[in-house]
Structure formats: C-alpha cells, structure tokens
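Both complexes shown next keep chain A, but they swap its partner, so chain B is in the first and chain C is in the second.
Up next is the complex of A and B:
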C-alpha cells in the first residue's frame, strides 16, 4: 500500500507535466486545427531562459516572470513566423513548419547556450516532506498545485470571460466568429501566446527535476502528444486527464511489470485508444454523412 | 582552334584519371590524417567536447615531438550526433577519405557495435573507448580498446564491494543498452563467483524521466549495496537525487560515469560518499598526473575519462604508426598489438591479442564533490 501511494504521487506529478504541455497542444489545435510539434521546445526554451535569468543575478521570482514574458514573445513570433504565412494552406504544410520550427529552436539553443545540461534549483529550499510512508517531492507538489490552479483558471477563463468565449467561438467556427465581429487573427495570436506560456511553465516547473537540456522538450512532448490523443484531441479536460492517466499508468507499469518498458506502456495505451476509441476519452465521434 | 578527335580522347582520359590522381596525391599528402567520430551534438555533446580536446592535446604533443612518420598529424572530426545512425554516417564520411590512416571511434559501446561492420569492411585500425567486452571478442580485428573493458570493471566493483566494503546483498542497476547490459552481466557474474549473487538485477531504458519504481524496488529488495552501470549523466543525476530523497543511503559503487564532471555537476550532494570505478584517476600514476596537468592548463577544467582515453588513443596510434614505419593497416595493427608497458593517462598499456590495452581499474571515492583515488585493482587473466 505504501509503495502504491508513493507511485501514485510520483505518477500524478509526472502526469501533471504531460498535462500542462498537452494543454498547449489542445489549445492550438482547437484554434488552428493543426498540431504544433514545437510545443515541447517551448518548455525547453523557457527552462533555458530561466537558467539565463537566474545566472544573470535576477531573483527567482523575477527570473520566472522574465522567462514567461520571453515565452509570450516567442508565442507572438511563432504565430507570425510559422502559422500566419501558412494560415490559408492545408494543415500539412503548417505541421511541417512546426516540426521545422522545433528543430530550429533546439539547434538555436544548442548554438547559443551549448550542449551542457544545466541545473536549475527548485522553488523551495526543502526538497520534500515525508508524510507517513510517502515522500512528497516539493517540486512535484508545486507542479500538481499549478496544474489544479490552471484547470480552474481555464474553466473560468473559457466559460466565464468574454475573451474566453471569443477564443472558443474562434476555435469552433472561424467564419462565424469573424461574421460576429471577432478578430480571428487576434484570437489565434492570443492562443499561441497562451500555449507558449503554458509550455514554458511546464518546462520551468519540471527543470529542477529533469535538469535543463536540449532534449527535455521532445521527451515530454512525445508523452504529452499521446496524452492529448488519449484524452480526446481538442478537449481541455481530456488533455489534463490524459496526461495524469499516462503518468500514473507508466509509473505503475514500471513498478509492477517492467522498468525498461516504461515508455512502452504509455504508447501501448495510445495504440489501444487509437484502435478501440480513436476519439479519446472525452472526444466526440465524428461521422461523415453519405 | 579546332578540337580534333585525338584532343577529345585525351581530354576524356584526363577527366577520368584526374580524381584518382588527386586521391593518390592526397594519400601521400603533407600530413598524416586521423579520423575521429565524436558527439559534437546530441545528449553527449558536452563530453564529446572533452574527448576532442583530449585528442587534440595529444596530437599537439606528438607533432611537437616530431610528428608521425616525420609528418604532422592532423585530426579530422565528424559529428556522430550521439546516435547509432549518426556514427555510422560519420564513420562512412571519414572512411571515404583514403588518406585517413586510423580512427577514433566512440566511448559508447552501442555506437561501436553500430559502426563495427563498416570497420571490418574498411580494414583500418579504430581505437575505441566502448567498454562492452564483446567488442574485442567478436572477431573484429580492427578494434583496439583504450579503456579497460567491463569484465574488469564488473570484477573490480564486485571485488571492492565484497572484500573491502564487506557487503554481500547487492542490487545491480544497469541501462538496457549494449554498454549497460554487458556491464550488468559482468558484475552479476563476478558477484556470483564471489558468492554474493545479486538480490536485485534491474535494467532501465535510457533517458528515463523518473526512477521512483527503480528506487522502490531497491528499497524492497533489502540490498545493502548498489552497483550501477549508467550510460547518460542526466539519468544518473535524476536517479541519484531520487535515491537519496526516498531514503536509500546504502553504499554505491558505480561504473565510470558516476565520477565524470557532468554527473558530479548535475547530481551534486546526492553522489557524495559514492564510489566509482574509474579508468582515469589523476593520482593513480605518473602518466595520469602528467595528463591531468596538461589538460588543466589547456582546458581549465578537471580532466576525466572522456578526454583521457582519446589522449591515450592518439598517443598509442601515433606510436604504433611510427613503430610500424608505415601507414599499412596490417603493419599498424601488429604494432598496436605489440604495444607493451606504454605509460598512458589511463594506466599502463599492455595490449593482448584481442585488442584490449588495459586490464584493471581504479577505485575512487566522491568526498564532498572531490574525487579521491583509493586503490588500483589489476587482473592478469
């Protein structure tokens, strides 16, 4: 039982990271109908920005704000440089452009900062607390807390605010939103900014646990992408549940079945969903009329 | 001017012959070229940089001392991207240059396995740092190892843990790649021979983000000592931190990655008081001390095995070419195999007929981030 509780905590912690990145995938997919394969690199870039800001002597909280502002700027640049020029094309060129952008981001950071993995200290001086038989890593606690806050914020933002409703309207039907006087390009710009900030937040939060490296983004993004499919592509709640489920499944799978095949469990679940429930947990079946 | 049929034929003949003449001229060029596959990019790019520096320092010294066969040595580096396809591509690029007389391969066994078939096809000496014992026991006569292989590291870890630390209940943790699997197997076999078969033999996949299940398995096994073979430093760093956080403080004797610079930086205090087998330990011999000084003066960081093996590889290869008096691959091979009592940074080289130059390891201890030499254990069989 003690073992299961420890595994559950860790699984939820790592799953929350997948969920944060998955949320970025979903928001951009809803707004633009394309998958942004550079979402993982947003996490990596933010972590490096944080390291640079901390090394420059900024207090941790100020470095955090600078890194997130940097990510907002990256979201703007990404939208204008990668999505906007291709917005009238089919989804394929846009997806290829995001893959190209992810390679560019990874290699740019490599060229600027070098290949050395970096250490980013956590928010708290205490690495964790022991609650009975379970050790709660303070960074994972923070990640879980932030994920819960974001779930609440997303609900409030998308359901209760005018801007959120405009974003939803844009994602559902761009032409209709435009007819209603909503600036579709502005809404898409906001979506990219928000997604970049979300991805960046995930990167900054997970960096003290996984270290800061060029590869950190792609490793997380692959799992987050699987999480979005499991949750139901395009569904915010699905991304959260999918991410958490994936984290828990792979952690328990590693502990009770096989450690070397830990990554295999995540993708086994993904394959099972693609076969038996391709629309994911919360997705709706889409059928074409004859 | 009219183009006659004879002029045309001569032109065609010259065009066909030119590339061969140029290649031939290059082969007899002003420098002796040594090719090197190194991770300039990818997860091991940092250690790749150290490896290149080690090789360049050695070549500078060789050139100052008269060079190779009276010519200056030149290092041609190709990026192996820290991947198997990457090193195959890098090696094929180098192999296509006929004037390269010898090569430095990888410190990663899995990459050496990937390039090994092309090494046989080429038939030129390749110095390697990969420590999977199979690499020099699978009929490839062109691989020469400048580090002790894992059959020795496994035996040294077992010997030290059982006889010096007096621990018998072992947990063995290893990567599931070629290096980790071979190392884990060697350690398990050595422990079996010492009457202390492991209570846990656990593999893990590289680039894991979480080791909680592994740590809990070690905890539950009741092991009183841990032996490990980690390939990547970031995996080692994550594991070390989680191990300590989850309250496992048993003695830990690890493969060489446990004492390399990147691992020490990432894991910090989580690696304090651990032991490592180290092919390079600065205080272990006069050759090691001399290399340490050269490297510190030039690179301004502490030397480790990433740079020491390439330093030795260049020195051994250059000395062998000089001794052979020729760039003929067969003669260089014979000269390498005849290398005995050669003082290198990693220790004294005595090549056996398999191509293994070193036959023992140092044990070092991490004392609050400083690596201290403890003892050297050498095997003669």
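Up next is the complex of A and C:
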C-alpha cells in the first residue's frame, strides 16, 4: 500500500509533464488543425538551453528566463519556417514537414552536444520531504504545482481575456475571425509561441528527474500524444486528465510488470483506446471530416 | 430529345488496346538487361554492397509509394516492417535452421499481419493518429529487438545469416535481388491502373467522394497499408540474406525517416521515383562521408531536406519530370471515340424507386430533419425544395449515407439501405453529385468517370480495362466533354467540372440519381445546357431526385415536388399544384 501511494505520487508527477506537452499539442491542433510532431523537441531544446545557461554561470532563475525566451523565439522561427509556408496545403504535407523539423532539431542538438546525456540540477536545495509513508520529491512537487497553476492560467487566459477569445475564435472559424478584424496569422503565431514555451517549460521541469538527452523529446511527445487521444482529441481537459492517467499507468506498469518495456505501456493503452473508444474519455469527434 | 452531335448512331470503333505484356515489353527487356548485368559484371565488395543496399531499400520504399503516394496515408514505421522481415530471415536461418525461402515468406506474412492489425485499429480515424501510432509501433519493435535477448540476441544482433542454396555467391544473390526489384517495381507501377489502384488514388484525393462512388474507403486504406508493410518485410528479408548480419540500430525510427526522405525526394507516387530517391540518398552520403564523423549532422540534414522538399518540390524529382511529360501527352494524345451512352436502371422493386418513411436526423437537440416521408416514382424527375436551413442537404446526406439516420427507413428499389455505409448504397444503385464539387483532383476526367463506372454491381460495363474506358468515354461524351477526356480536372471550368461529376454518376448506371444543387454557380447558358442534359437523362428512364434553389429549373424539369421547411414536409405532389400551395408560398415569401 505504501509503495502504491509512492508510485501514485511519482506517476502524477511524470503525468503532469505529459499533460503540459499534451496541452501544447492540443492548442496548436485547435488553431491550425495540424498535429505538431516537433512538440516534444520543444521540451528537449528547452532542457538543453537550460543546461547551457546554467553552465555559463547564470543563476537558476535567470537561466530559466533565458531558456523560455529562447523557446518563444523558436516558436516564431518554427511557425515561419515550417507551418506558415504550407498553411494552404492539406494536413499530410504539414505533418511531414513537422516530422522533418523534429528530426532536424533533435539531430542538430546531437551534432552540437554529442550523445552524452547532460545532468541538470533541481530547483530546490532540499531533495524532498517525508509525509507519512510517502516521500515527496521536491522536483515532482514543483512539477505538480506549476501544472496546477498553468491549468488555472490557461482557463483564465482563454475564457476571460480578449486575446484568449480571439484565439478561440480563430481556432473555430478562421474565415469568420478574419472578417471580424482578427489577424489570423498573428493569432497562429501567438499559438506557436505559447505552445513552444509550454513545451519548453515541461522540458525544463522534467529535466532534473530524467537525464537531458536527445531522445527525451520524442519519448515525451509520444506519451503526450497518447494522452491527448486517451483524453479526447482536441479537448483541453482531456489532455490533462489523459496525461495524468498515462503517467500513473506507466509508473505502476514499470513497478509491477516490466521496467525495460515501460515505454511500451503507453502504446498498448493507446491501441486499446483506438479500438474500443477512439473518441477518448471526453471527446465527441471521432474522425476528422474530409 | 437527344442532342444530335452526341447521340448520332455512328458505329463507334471499339476501344481495343494491345495486350499488357506487349505494351510493357520494353520494361521487361530493360529489367532483363539489368539482371544480366548484375549477374555478370565484376564489382568490388564496396560497390557490391552499395548496390545490394540500394536494391533492397528500393523495395521497401516501393511500399511507401503505395501507401503514401497512391493512397495518401502515412507510415512512419517502414523500418520496423523492414526489420520484422530481416529478423525473420536472420533468426529463422540461424537459430531455427529453417530454409531461406520459408523464412522470407514467413517474414512477409508477419509484416503483412502486423500492418493489417495496425491499419485496422487506426485507419478509421484521421491521418494524425496513423502517424503517431506508427511511430509508437516503431518504438515498440525497437524495444523488443533490444530487450528480448532470448529471441533476438539483443543489441549484438544476429550474424551468419544464410542465403538460399541457389544464390550462394554474392554476385548471383545481387542478380536475384535486382530481379525481385524489377518484378515488385512492375507490380507497383501497374497497380495504379488497376481497380484497387484507382480506388487508392480516389481515397487519397477525396475520401467522401470515393465513398459515394462505391469504394470501401476503410478497406482500401487497409489494403494499401498492409501491402506497404508486406513490401517492407520482403525487402528486409532480402537485406538480411545479402548482408548476413542484422542488429536493432539498422531498423530504428531514424531509418524509417530515411525511407520517408527517399520516397519524398524521388517522388512519392511512382516506383521510378522511389528508385531514384533511394539511389541518391544511398550514394550522396557515401560521397559525403566526412559528415558521418559528426553524429547527428547527417540526420539533421535529412530533416532539413524533408522540410525543403515538401515546401519546394512536393512531387519529388520524378514527379517534376512526369508532370511535364503528362501535360505534353494530354495535349497530343487524342482520346478514343465513343458510342452512345445507354442507361438501364435496375427495376427490381415496384412503382416507387425510393421510399423514405419517417426519416429523422437530430444533431443534439436540433431536429434538422424530422419525420419526413418521400416517395420517388420510377422514371421521373422529383424535386426536393425548401428555404435555406429547411433540411434539404441533410436529407440528401442521410440518403447517401454520409450521416446516420436518427430514425426512419430508406428503401431503394426494394432494398432497405437505412443502415448501409455509403459505398454499399452506391453498390445498391444510388448515384449522387455534390453541391461543392468533389472530384478526384489529381486524375484526368476519364479516370474520374472510370471510378464511377467501376461501381460494384454495374451491369452496363463488360470485363476488362477496355470495357471500362469505353463506358467512361460514353458517359463523358454524353455530357459533351468526350474530346477533353485526358485532361486533368484542374483545367476544366466550374460548370464543366459539374458535368464531369454527373458523368461519373451516370457511368455507374445508377437506379436513382441524386443531384445536390446542380445549378448552383452556373451561368444562364450553362443552366440551359443542364436542363437539356436532365431531359436527355430522364428520357432514358433514369429516375432523378434533384435539390435546387432555381425555381425555373425545378418547375420545368420536375413532375413531382416535395417541400421541406424546418425539417418537416409541408407539401408534396404534382409540381404546379405544390408551387401554388399556400404553405409553400408563405414559406418562401413569408406570410402576412
């Protein structure tokens, strides 16, 4: 029982990271109708930026700001270089281009840094606290706390601010939004920046828990995508619940079934959902209409 | 009623083409020369290895040209299927001491089954799912290759893989692989002109239109995906025999991306393009070996290539060349002359071709169609009209199966089609056109109409490709576009595209033709031509159910009118009486 509680905590912590990346997926998907396959690489690049900034001697908080600014810039470049030129084409060329971008990003970092995984220290000095039978790792606590704050922020931003409403209008009907004087291309640019920062944040938060490696991007992205399907594609709440659920399932699977195949559980859960409940937990839309 | 220019009783010369084997003779001669060269030229080991790699990789990339090029579905796990075939031969010929041929076939089967399973679980959903699921599958296969040491020898890989006795020397094995390449290449090349290939292209261009033209979209996608996996497995088996050693890193996600890049670079739609792309991407890295000294640089460049190709050369190198050639040929090649089109609508049921009772379609709380009855009599033009938002198009979409009915019953010529998917309704004799035209944009007018003619259960078309072409030409000639049959859809005006859509439906010899606002967007001359065309269709006894706003067209063409308003039927009967009905007048003009 104590072990189960401990696993639950860890699972929610890692699941929160999937949820953040999944949120980035969903936001871009709703704005552009395209899945960004380089979303995981945003996390990886941010973690490396953080490592570089810390090694360069910046204080942790300054490195954090530098890394997030770098991600915002990457969001701009990504939109202009990968999505925007293809915006009038069907989804297939666009996803192939984002896959190309993901390969480009991962391997550029590999070419610069080499295959050696890097280590990033955690934010706090104290490693964690013992509460009854459960040991609460401070980094996991931070991840969970930041995720809760972001979910609240996200809700406030999209529901209560004018910019958030404009973004929603753009994702629902681009033509009508542009007729109402909303600059669709600006809104899409903002979405990419926001998603890149969100993905980057997830990468920086999870970096002290995992190693900072080239593969971390694609691993996180696959889990996050599975999370979006489990939660219901295109649904914000679904992405978060799906991410948390997947983190817990995976942690328990690794503890009780098999460690080497830990990364395979997400796939099995994904296929089960695709066969038995393709609309996910919350979703209604089953297939994309032509 | 018939326009003299179109239906003159000229004894049309039947369309007869030379047998395939003779037309394609140059290909086989070329292939035989290549095989002979591979068997007899002396290569040093390095060149031999490059040739062997290019040959086996090309076969795997052919798979992508089927799934991505022909059918428009993505597969990011081709290296995994390649690996399944390779490990089947690797483990089979060493640990299990089985014959090479048995292992090769077994590997193909394993890949085929894995592909079919993946496809069945995912292909009903959109393309994004498929991309992610194939990546996940790729990761799982890699995980198993590395971790299931008892089976796969783990990261060490399998060595001393056997070759068949018949092709023991490297020279003869290479010749064997080149022969396989030639055979598979021929099949893939020819596939696009078969019924299955046309169905795949139709699915790629427009899934909705493919469905209502009698194509089982889901099954077609699964065939394409499984075929791709099968070719991956075959290529992997040949690869394993050739290099005698396999290890997990040869079949990683990165290799899947390499395959994808090869396919995109050469031209995704053709086996020739696949071979060009594969050859280039195997040779270029050999010339630029220094890049390999920096890990990652190499794949980073591939990633950049993918983005640039998609942006600037979406059809690849061969697509670029072939497109120029096709444009030149469309101008020069005169389409064959066709005879008159005969429509022979099936008459199984009684006097009523379409019997709709109590049909409802609700979207959540909105009752878009609410308990509508329609009875379409055989051999006339029946119109369904109503103000905007009255539920006309929803009714049509429920009739053709794009929406599932909430309740009610639809009987077409004695067959209950209420719960059939679109392609089965088409097979039962329903033909339709769309308000916003849905043609297969990458195909010629003739190919579009051929897909219509291929409707399962079409009794008016004989066996073989020639009969199909003949039927399609007749339909195109009937709408007056026979002379432009070989042109691509993009070169036709809006009005002509509408006529091609009607021809596509007519070629299938439907029992009932549904026309969704055929006059929308036409100018007055085109409307007159459309009116004439409708008369000529009706004169052949085909029943038409037409939806339109154009009251002149409706009142002149239709004998019977059903009027909808707010999802309910408010009037039904003989044209003139219905149009004078007070409810109809008030629905259209408003009441005092």
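Simple rule for what comes next: the second predicted complex is superposed on the first by the 275 of 290 C-alpha atoms of A that agree within 3 Å, B and C clash if a C-alpha of one lies under 4 Å from a C-alpha of the other, contacts with A are read in each partner's own complex, and residues count from 1 in each chain.
In this section, a residue touches a chain if its C-beta (ideal position, glycine included) is under 8 Å from a C-beta of that chain, and two chains touch if they have at least 3 such contacts.
What you are looking at is a predicted structure, and each value in this text was computed from that prediction instead of being measured.
On the superposed chain A, the positions of chain B and chain C overlap enough to count as a clash. Residue contacts after overlaying the shared chain place A:35 against chain C, while chain B stays out of touching range.
Once the two complexes are laid over each other on the shared chain, residue contacts for A:114 go to chain B and to chain C alike. Note on chain A: of its two partners chain C and chain B, the one contacting more of its residues is C.
In the superposition on chain A, A:270 makes contact with chain C only, while chain B stays out of contact range.
In the overlay built on the shared chain, the residue A:86 is in contact with chain C alone; chain B does not reach it. Of the two partner chains placed around the shared chain by superposition, chain C is the only one that A:229 touches, whereas chain B remains out of contact. Contacts of A:260 after superposition: both chain B and chain C are touched. By the touch criterion stated above, A:165 is placed in contact with neither chain B nor chain C.
The superposed model puts chain C in the path of chain B at one of 63-71, 81-89, 225-233 or 315-323, which is 81-89.
Common to the chain B-facing and chain C-facing surfaces of chain A are residues 110, 114-115, 260-261, 263. In the complex of the two chains, the chain A residues touching chain B come out as 3, 6-7, 10, 14, 110, 114-117, 119, 127-128, 135, 137, 209-211, 213, 215, 219-220, 251, 254-255, 259-263. Of all the residues in chain C, the ones that touch chain A in their complex are 72, 74, 76, 121-122, 124-129, 131-133, 135-137, 139-140, 143, 147, 206-208, 253-254, 257, 260, 264, 294-300, 302-307, 310-311, 314.
The residues of chain A lying in touch with chain C in their complex are 29, 34-35, 37, 81-82, 85-86, 89, 91-93, 95-97, 99-111, 114-115, 214, 218, 222, 225-226, 229, 260-261, 263-264, 266-267, 270-271, 274-275, 278, 286-290. Against chain A, in their complex, chain B makes its touches with residues 41-43, 45-46, 48-49, 176, 202-205, 207-210, 212-214, 216-217, 220, 233-234, 237-238, 241, 245-247, 262, 265-266, 268.
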